[in-house]
Structures are given as structure tokens and as C-alpha cells.
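Notes follow the structure.
Chains here go by letter, A, B, C and D, matching the order in which they are written, and residues are numbered from 1 within each.
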Amino acid sequence: MSLHLQARGLGCERDDRWLFKGLDLDIHSGEVVRIEGPNGCGKTTLLKILSGQLSDYQGALFWNGTVMSKARDHFLANLLYLGHAPGIKLGLSPLENLAWYQALSGEKDDEEQRLNALESIGLAGFEEVPTGQLSAGQQRRVALARLTLTPRALWVLDEPFTAIDRNGIADLERQLVAHAKAGGCVLVTTHHDLPASPLLRQVALG
Amino acid sequence: MWAFIHKLGSPRWFYGMSAKMQPWFWAAAVLLLVVGSLWGLAFAPADYQQGNSFRIIYVHVPAAFLAQSIFIAMAVSGLVFMVWKIKVADMAATVMAPFGAVMTFVALFSGAVWGVPTWGTWWMWDARLTSMLILLFLYIGVIALRSAFTRRDSGSRAASVLTMVGVINIPIIKYSVDWWYTLHQTASFTLTSRPTMPTQMWLPLVIMLLGFYCFFIAITLMRTRSEILRREASKRWVQELLTDPMLSTATKKAR
Amino acid sequence: MAFTSFSDFLAMGGHAPYVWSAWGVTALLLLASAWHARLEQRQLLRVLRRRARRSKGVRHDA
Amino acid sequence: MIAVKATLLRDLTLLLRRRGEILNPLVFFALVITLFPMAISPDPALLAIIAPGLLWVAALLAALLSLDSLFRSDYDDGSLEQLLLAPHSLAALSLAKVAVHWLLTGLPLALIAPLLGVMLSLPTGSYAVLALSLALGSASLSLIGAIGAALTVGLARGGVLLSLLVLPLTIPVLIFGVGAVQAAIVGSGVAAHLAILGALLAASLMLAPWAIAASLRISING
């Protein structure tokens, strides 16, 4: 299925200061789009708008050609958003955290899949350890395990490489490209330079 | 209808329109308040039971009415702001809140003072006074919540939600406080409930009520205009208004 | 007219402190509100005019 | 529905792992009740008169104390964003969170209230009504309080503001809750009070989830 997220004349004003204005953006299936720009230029805000969390912006959003407000349910059913904060409960084990996400995304309760997802992200052996006892990088990996766990077409990732070691970064880069090749699309902000790829597109902000 | 709503919602249009209407409301407010005060203070007959202390009714009741009406007006503005994203509605709600709190305070103060000759005490947990006190807390809550947000837009929307929740609660609070009061009734009669009032008594009350409402509309228009200027200061029409001396005096006088 | 003389009017049949304090506070707060609204508008206009002139001046220099 | 159930389970698990947070409101409740005889008088006759009101006010404050943390940790660790982006009704999901708050705060408070009632020489025959009215009333408190918690979750110092926003709105619940206990002492009209408490709960159940959802969307805006 071909997907298309479209932004027209997007602008965001925060207390009389324009973060960005008149932004046109097209994101299609099979693309990795990297938003870049200096600190405070509104990358996170843009991702929050594009993922449908913020409503006070100017301009219009379209999902597969339909206005976002009418296509919201379909959009959310195809979206996987990973924010600045990983959204991981420190009091729960990685397995329990993923179980909640599986239910939240409307997937079938399947422990086999959760174990596989944790293994593929390199957390085999830590499934039952309270997440609070894991390192920051491992906690981030629990969140990243959702990429394998829940099959969603559109990935919106805010600084996903934070606290991840070099091997993990290489794996994640490969995963992003593979996802785009398989027909998904990835929208990502990062200060880390992604390796050149025909699928990669850079959008400068600010 | 839609065109009208959006015209009304345009700060620029509202700024011009309110300039035209404002003087009339000020004039009406002054006229009604002066006539009502003279009539109520000097010409209305004294009450056979309460004597001249009953003249406090002419400030207590209008203030209490206004206090409740302003909260409802804020809730309606909040709804308009949330549903149609009309910013003028929120600006009006912003400036209404402090005046509403002042009116609630006036109602409380005049009620407390009235209590001395009537019940022999400064404070009685009378149903009306208790409801007013709770209303004052609601006003303070809305004002505090709005100012607690660093982003004005979030503050506006949070205050709108709280006002709407409050306005649904006000009748429930009023009903339960009335019920609670009848259960524990200690005073022989409430301040303002009386079987019949001669025309000479209630006519000044109506005039004072109208005067208070006109005053409220006038001051809301005036302060909303300031709020528009403050929030739209960077817009071009405001800049033109400010830098063109001819235009700014013209809008002040002619409109 | 409910009173026979002006001093009678001021005395309010012995309820003077209550009637006049309630009315006084009300009048005071209404006047203060109106005065505050007017002051707010004037100050705002003054500040905004000055700022507008300054930004215009800067544009001319540059 | 699966998502609502999973959220319910997740929050229950989280809170049950940190038992201190469940115990704190209960200890606070008992402590406040202990203060009153010392501040007023140990006279059983006097205490019996004011006991229903004291128990209700103390329980109200204890429930309020724990409200601030209702959405706080979800806001801090980013789970709230995920909750908002789930393809489910946010109102239903927040209702699950409120239900957990009631199960682990309101219900335990209602259950230990009769015990504290004994210490305040609450007249016999009103204990069951005390527990029942608190159970019903605290559910409304959780719902109304959650609106305030959702409105203040994005603010750095939301705690005191939360009390200021929520307490005036809880007055009807307080009046009829205390009324039910007093009616039980006098021996008449308990059913009417409990019915009104139930009606207040039904109304809050219908309206509060939408207000909570709207407030959460505002708070996530920062």
C-alpha cells in the first residue's frame, strides 16, 4: 500500500515567535526523511504536529490525500511515534512494557513476538529485569523494540539514536533503510549523520 | 451566519465595532447607576422589618447577579473559543474573569455588612453567601490556572475547559448548598427573600441591575480592546493604527 | 423622599455604617475597575506607539 | 477494550509494586483524624457530633493528596504521548487510569474509615453507611479530581493549584456524603442521600472522561 503524508503551508507560532512558517512537506512510501536544523528550531514541535499531537498550527495536513481531521483514525492505525522520552515504565520489566504497547496498538497478545522483538534489539536475557535496573541505552532499546513488535507503516522518530552504542546505531540505520525498502516511510530527527542512501532525503529547518 | 461569526471573530473588526459601541454603554451605565443610586438611597421607602439597612440590596443583588452571569459568559466564550477557535472570545474571557471576581467580592462584602444589622453577626453561613464564597474560589482557580501556563494558548484552552466544568457544577453546588442550608437553618430569614416588594422598592433595583450590566459590558469592551492590542501588536493593522497619527486619532474619535 | 433632612439621610436611621460602607466599597471598586481599564489602555497605547516608532526608525536607518 | 484492560492492569501492577504510594494517603487519613481530638477535645459526646464531617473532610484531603501523581509519571516518561496517539478513545483510556486511582485510594479509604469512626465515637448504625458513602463519593472525587490533575500535569508546581481547582467542585459530594452519615445517625433518609451520591457519580462518569481527555490534550501542548 502506498502512503503519503502531506503538509501544506505549515506554520507554528509559539507566543509571538514563528518556529517555522510556510513549510511544504511530502513524505511518501519508501523514503527516509531526516529533519535537520539547529537546537530550538522546532524539530520536535514539527514531529509532534506531523504525528497529530499538536493542534495549534497553521496550514493543512493530508493523509493519503484526505484532510487529517477526517483521516485521523486511519492515520493513527498506521503510525508509530517514538518521542524524546522513551515512554518506558521503569517499574515494569521490558516484557511487561511491550505487553502494554502491544495491547495499546490493538495487536493480539503474543509473548512469542515480544520475546523475539527483545532478542532482535539485543536484550535477550533481560526480559524479566525491571527496566529501572537497565542502562539508559538498554532502556532506549526497549522502546526501539516496538519497531519490530508493532508493524506500522509510518515511523516518526524523535532522536532515536540517543544513548545507543555504535553497534546499535548501525543496526538501527539498517532497520530504517530496510523499512523504507519494504514500502514503509520513516520521518526522523537526529544530530547523527545518516549514511548516504538513495532512499534518504534531508529537509533543513530553520 | 457563518460570515457573521467570523466577522465578529476578527480582532480588527471587533476593535472598530467596540470603539463605536463603547461610549453608549458607558453613558448608559453612568446614567442608570446615578438614577438608581439616588432613587434607591434617598427615595425608596425603608423596609418595615429591616429599616434603612435594606438599601444594601441595591448593590448586593446586582453584584451577585453579575457575578454569576459573568461566569456563564466566560463559559460561553470558552466554548466559542474551543469550538470555532475564535480568539476574541478568549480575550473577552480573559478580561472578564478579574471583574467577575471583583463583583463576587462586592456581593460577599455587602452581604457580610448587611448581616450585622440583620443577624447581628459579620458572617452567617447563609445559602447565598456560601454559594458566593465558592464562586469566588472558582474565579480565583480560573485566573490562577490561566496564569500558571507559560504558553498563552495552552493557558487559554485550560481556562476554557475549567470554566465549562465549573459552569456545569455551579447549579449543582447551588442546589446542594441550598439543601444543606435548609437542613441546618439557623437564621430566621434569608437576606433577600421577601414575599412582595412595592414598586417603589423594586424599580430602583431593576435600574441598578441594568446599570451594573451596562457597566460590565462597557468595561469588557474596553479591556478586550486593550487585550487585542497586546496580543496582536505585531500584526500589520495594529502597526498601521499605531504609526499613523491621523488614523489612530480618527479611529478613536470617528468610530 | 424617604428622609426629612440631609442629616437624616446620612444617618440612614441608625444603619449608616452598614449602608454607607457597602455602597462605598461597591462604588470604590467600580471606579477602580474603570480607572484601571483606562490606565491599562493608555499605557499600552503609549508603549506600543513608542515601539512602533522605534522599529520604523530602525528600518529607515538601515 | 483490550487497550483499556491493559492500561488498567499496567497501572495496577505499577502501583502495587510501590506499596508506599498506596499506604501514604491511608496513613495521612489516620493521622489527620488523630489530630482532631487533640485540637478540639477528647470528649466522646462532642466528637460523635462532628465525626461524620471530620471523617469526610479528612478522606477528601487524603484522596486529593494522591491525585497529583495520577498523570505525572506518564507525562514525565513519555507514556502520555503514546496514550494520546493510541488508536483508541482517550476518554476510555483515562477512565481506566481513574479507576485504578479509585481502587487503590478511594476504596481503601472507605474501608478503613469505619475503624477511624470508632476512634471518634461515631454512633453505631452509621458505619456501613459511612463506608458506602465514601466509596461512592470518592469515585466522583477521583473523576472530578482527574480533570484538575490533567489540567495541571504540564505545570512544574501543579500541586497546590490542583487543590484550588478541585476542592470547590467537590462540595456537592461532601455535602451529600456527610448528609448520608448524619441521616444514618438520626435514622432516616439514608437512601435518598445515597441515591443523590449515585446520581452525582453517574453524571461525573458521563462528563468527566471527556473533560479529562480534552485537558490531557491541552497539557501535552506544553
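Definition applied: contacts are C-beta pairs under 8 Å (C-beta built on N, C-alpha and C of every residue); 3 or more make two chains touch, one makes a residue touch a chain.
Per UniProt, the chains are A = Cytochrome c biogenesis heme-transporting ATPase CcmA; B = Heme exporter protein C; C = Heme exporter protein D.
All figures in this text were calculated on a predicted structure; none of them were measured in a lab.
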Farthest chain relative to chain A (centres taken as mean CA coordinates): C
Centroid distance [mean C-alpha coordinates] between chain D and chain C, Å: 44
Centroid distance [mean C-alpha coordinates] between chain C and chain A, Å: 56
Chain B and chain D, separation of their C-alpha mean positions in angstrom: 33
Inter-chain centre distance, chain B versus chain C - centres from mean C-alpha coordinates, in Å: 16
Chain A residues counted as touching two or more neighbouring chains: 56
Contacts with 2+ other chains: residues of chain D: 221
Shared interface positions of chain C, touching two or more other chains: none
Pairs of chains in contact (touch as defined earlier), listed by label: A-B, A-D, B-C, B-D
Touch list for chain C against partner chain B, complex: 1-3, 9, 12-15, 18-19, 21-23, 25-26, 29-30, 33-34, 37-38, 40-41, 44-45, 48-49, 51-53, 56
Sites on chain B touched by chain D in the complex: 82, 134, 137-138, 140-141, 144-145, 148-151, 153-154, 157-158, 161-162, 164-166, 168-169, 172-173, 175-177, 179-180, 183
Contact footprint of chain A on chain B as seen in their complex: 151-153, 233-234
Touching residues on chain D, where the partner in the complex is chain A: 2-3, 5-7, 10, 13-14, 17-18, 73, 76-79, 81-88, 217, 220-221
Residues of chain A defined as touching chain D within the complex: 51-56, 73, 76-77, 79, 81, 83-92, 96, 99-106, 109
